[in-house]
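Down below are the structures I want you to see.
Same chain, two partners: chain A is paired with chain B first, then with chain C.
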Partner chain A sequence: MTALLTMEQVSGALREYGPAEQVRKNRIRVNTDPQKILSAIKAAQQFLDCDHLILISCTDDTGSFGLTYHLTGPHRTVISLAVSVPRESPQVFSVSDILPPAAIYERQIHDLFGIVFSGHPGLTRLMLNEDWPDGEYPLRKDWKPNKANSYGGAAPEGA
Partner chain B sequence: MVEVMVPIGPQHPALKEPVNFRIYVEGEKIVRLDLDLSYNHRGIEKAAEERNFIRVLPLLERVCGICSHSHATVFAKGIEEIMDLEVPARAQYIRTIMAELERMHSHLLWLGVAAHEIGFNTLLMWTWRDREAVLDTLEEMSGNRVHYNMNEIGGVRLDLSEKQVAAAQQRLPLLEDRIAQYVDMVSHQETMLIRFRGVGKLSKEEILKYGTVGPTARASGVDYDVRRDDSYLVYDEVPWNVVTDSSGDVYGRTKVRIGELSESLKIVRHCIENLPEGPVRVASTPKMAPKGEILSRYEAPRGELAHFIRTNGTDKAERLDIRTPTLANWTSVAKALVNQNLADIPVIVAAIDPCLSCTSRMTVIDTGTQAQGSISWEELVRKCRARYGMGVQP
Partner chain C sequence: MTGERQSLSQRIANWARVKSPWVTVFNSGACNACDIEIIACLMPRFDVERFGILAKGSPRHADILIVTGAVTRKQASRLRRIWEQMPEPKYVIACGACGAGGGVFQGLYHVVGDVGTVIPVDMYVAGCPPRPDEIINAVVACLNLMKEDLARGGKEWRKKAEDTGRKETAPGTGAEVNV
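== the complex of A and B ==
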């Protein structure tokens, strides 16, 4: 365990990716551009010693989707790299080749939110059952079950 | 040689949990595998968006039957941070006692399962018997064996009485003695040495590369432990150590978990002996949480658990993103299995202590009148003893 990263260190290393903001003592957030996410993560790995991905959190922000990559390292500071992906074409580069644990989280997000991670080696279904209707993403805010569709398991009442 | 695909699960020999592996083998050697977790997606994250903070905690306890306290605590502490609530010390101590008892019962359960996987059923019987002492304590304190439901936003639901504390204290020497025996056993017991050593090896570099968490990571010398790294509850006030090992195999994971049993017992003892006086919850908890976002982290028995919570000024969470330790550990299991023998699958898979879902509840139904209801612990004990001719409780 080493000392916590300071704002100066983080904003110095990630300056070109966006402004850093100290959310609390051990949490620093950087809002960046989806095009830059790969290089931002590489920079965090190289200059800030980040060796562990805690999770990729995904939110439905109505007009867009928010993806936040939470990284940490021996300094135990959580660096959150946030990007916003447009709703009409939800596509972002996969980071699974530089960060292998991301692969399973990206599959999960793809399954539940319908975000496409380009360059992912196997973006197949992970969480939802195999007969779940295509194109329906249950964690989107505007998703409602369609009575005409079957969502797997027991047949709907009255069917 | 021709590759053959062997499907294992969703019902399987290794663990009583729904997961399907498609294992590609050449002869006895595993080449690669795919996995399918889709048997039990219950939509809890979606359901959590629909419930207010009072109703969401019992739901989150049901994410997992073993780590129920973990999920409720990590969520409650996240919301409390957003609401800027100062939780009374006594409540934090009680949460810590529950958390460490939960870790003990989980590790004892794991040790039994691992022993069973290698055909060492005597150890399974021993550990699960000892686990009962932990479960009894949890039940006395909370009323339940698995879904304790101790948390509420701003504190805990139930205070501990002197009688409960005394009963818990009385069981500690027995557990201490039993854990010391396991510590001793793991150093020289022949069956454990033969079947655990060198199996499912992962180096420190691989652990970091594949994002493994918890005892599996610590067994390869990666000393990540959220209890120390991003301290919460009272872990910064209590004397305890992060347990690590350098062997990186199933043997190392066994040693780490047994080591953590001793540490947890130390923490429970310290908290029970130094339980501060005072209230167990804040005087009044606001119904609404202001707009905010938080990443709440917790060291569950299986490793780092993270809840990403976003609130929007109402009494419900706008988004709850749960990353359970088992999801983080699958990538490394897939890696650890490559080049191993087909016969070692159960023990390697079991070594991360995978937990997909489980639940256990009881309702008493009168088969004559169909009336449903609950029953007190004393009544249940009395009925059981009468039924099985064990006499009346002294």
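== the complex of A and C ==
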């Protein structure tokens, strides 16, 4: 087992992408821009040996969406690359071409938060039912189910 | 026995069906607690296989469908399709509080409702989750219902009881059906 990455190593490798902070002993967070996320992940793969994507998490802080890409590698240090996506145009580049497992997380986030990942090979529904109405994103903070709306999945004929 | 006398092969099939019911489990959006209790039924401690109750992987091989959990919007059509694939006579047991009325998931944006809104249910098991012995009891009560249906030539007698609001007691169980 290799040693944990140090703050100096991470901030050195990812200096141009944003400030790094040590949130826990084995977790270092780097806040970056949505435009730089692809190259930041490539740099983490190349210089920090981050060959594994744990997950992509999404939060809604009512003003914008926070996307966090959690990467790790044989050093067992979690590198959290955080970006803030504006609410008016929730669009960010897909990282599924350099990180294939990201595709399914991006589909999930697209389904539940409505963030569009441009360049994704198949941004279709993952969790919600197929006849769920377009433009309704249930995990957004300002979303409320509309009683007049049909959300699909009704009991089939003859039930 | 009412109705016309059945053929020998039919009587053998009926005997075998009651003697060894094959069950299949379907999770229509449960929290997995009911599923764990059902698996506990199949494991050596409760071991329902010694009574001939066999868990099958396919609904096409099963006599009894045990549905756990409230039905989500995504699972409603799938649950219906699985139920339609089962051969007659088929029986449905809705497991737990969620299967009976939606439970804690009632009214959520992704939930259609209880199992009864999608497929006809023959037996409800209370509990959150029901204990394995309660699930075994439900299967045994379902078998008594099956026997009664065979004797009366189908499920129609229960429908009549429902229409007239009359409660009938299934013999041998003491359980009231279609209340």
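Some points to look at:
The rule is simple: the second predicted complex is superposed on the first by the 153 of 159 C-alpha atoms of A that agree within 3 Å, B and C clash if a C-alpha of one lies under 4 Å from a C-alpha of the other, contacts with A are read in each partner's own complex, and residues count from 1 in each chain.
The criterion applied here is as follows: contacts are C-beta pairs under 8 Å (C-beta built on N, C-alpha and C of every residue); 3 or more make two chains touch, one makes a residue touch a chain.
Values in this document were obtained by computation on a predicted structure and should not be read as measured data.
Using the contact criterion defined above for the overlaid structures, shared-chain residue A:101 touches chain B, although it does not reach chain C.
With both structures placed on the common chain, the touch criterion links A:54 to chain B but leaves chain C unconnected. With both structures placed on the common chain, the touch criterion links A:129 to chain B and to chain C. More residues of chain A are touched by B (comparison of chain B with chain C). Applying the stated contact rule after C-alpha superposition, one finds that A:138 touches each of chain B and chain C.
Legend: residue contacts after superposition of the two complexes on their common chain; A:26 is shown touching chain B, with no touch to chain C.
Residues 127-130, 138 of chain A lie in contact with chain B in one complex and with chain C in the other. The part of chain A that touches chain B in the complex is made up of residues 1, 23, 26-27, 51-55, 57-60, 68, 70, 72, 76, 78, 80, 99-101, 103-105, 108, 112, 125-130, 138-139.
On the chain C side of its complex with chain A, the touching residues are 72-74, 76-77, 80, 109-110, 112-113, 117-119.
By the touch criterion given at the top, residues 127-130, 132, 138, 145, 151-156, 159 of chain A touch chain C in their complex.
Per the touch definition, chain B reaches chain A in the complex via residues 36-39, 41, 43, 45-46, 208-211, 223-224, 228-230, 293, 295, 297, 304, 306, 308, 310, 318-319, 321, 323, 327-328, 330-331.
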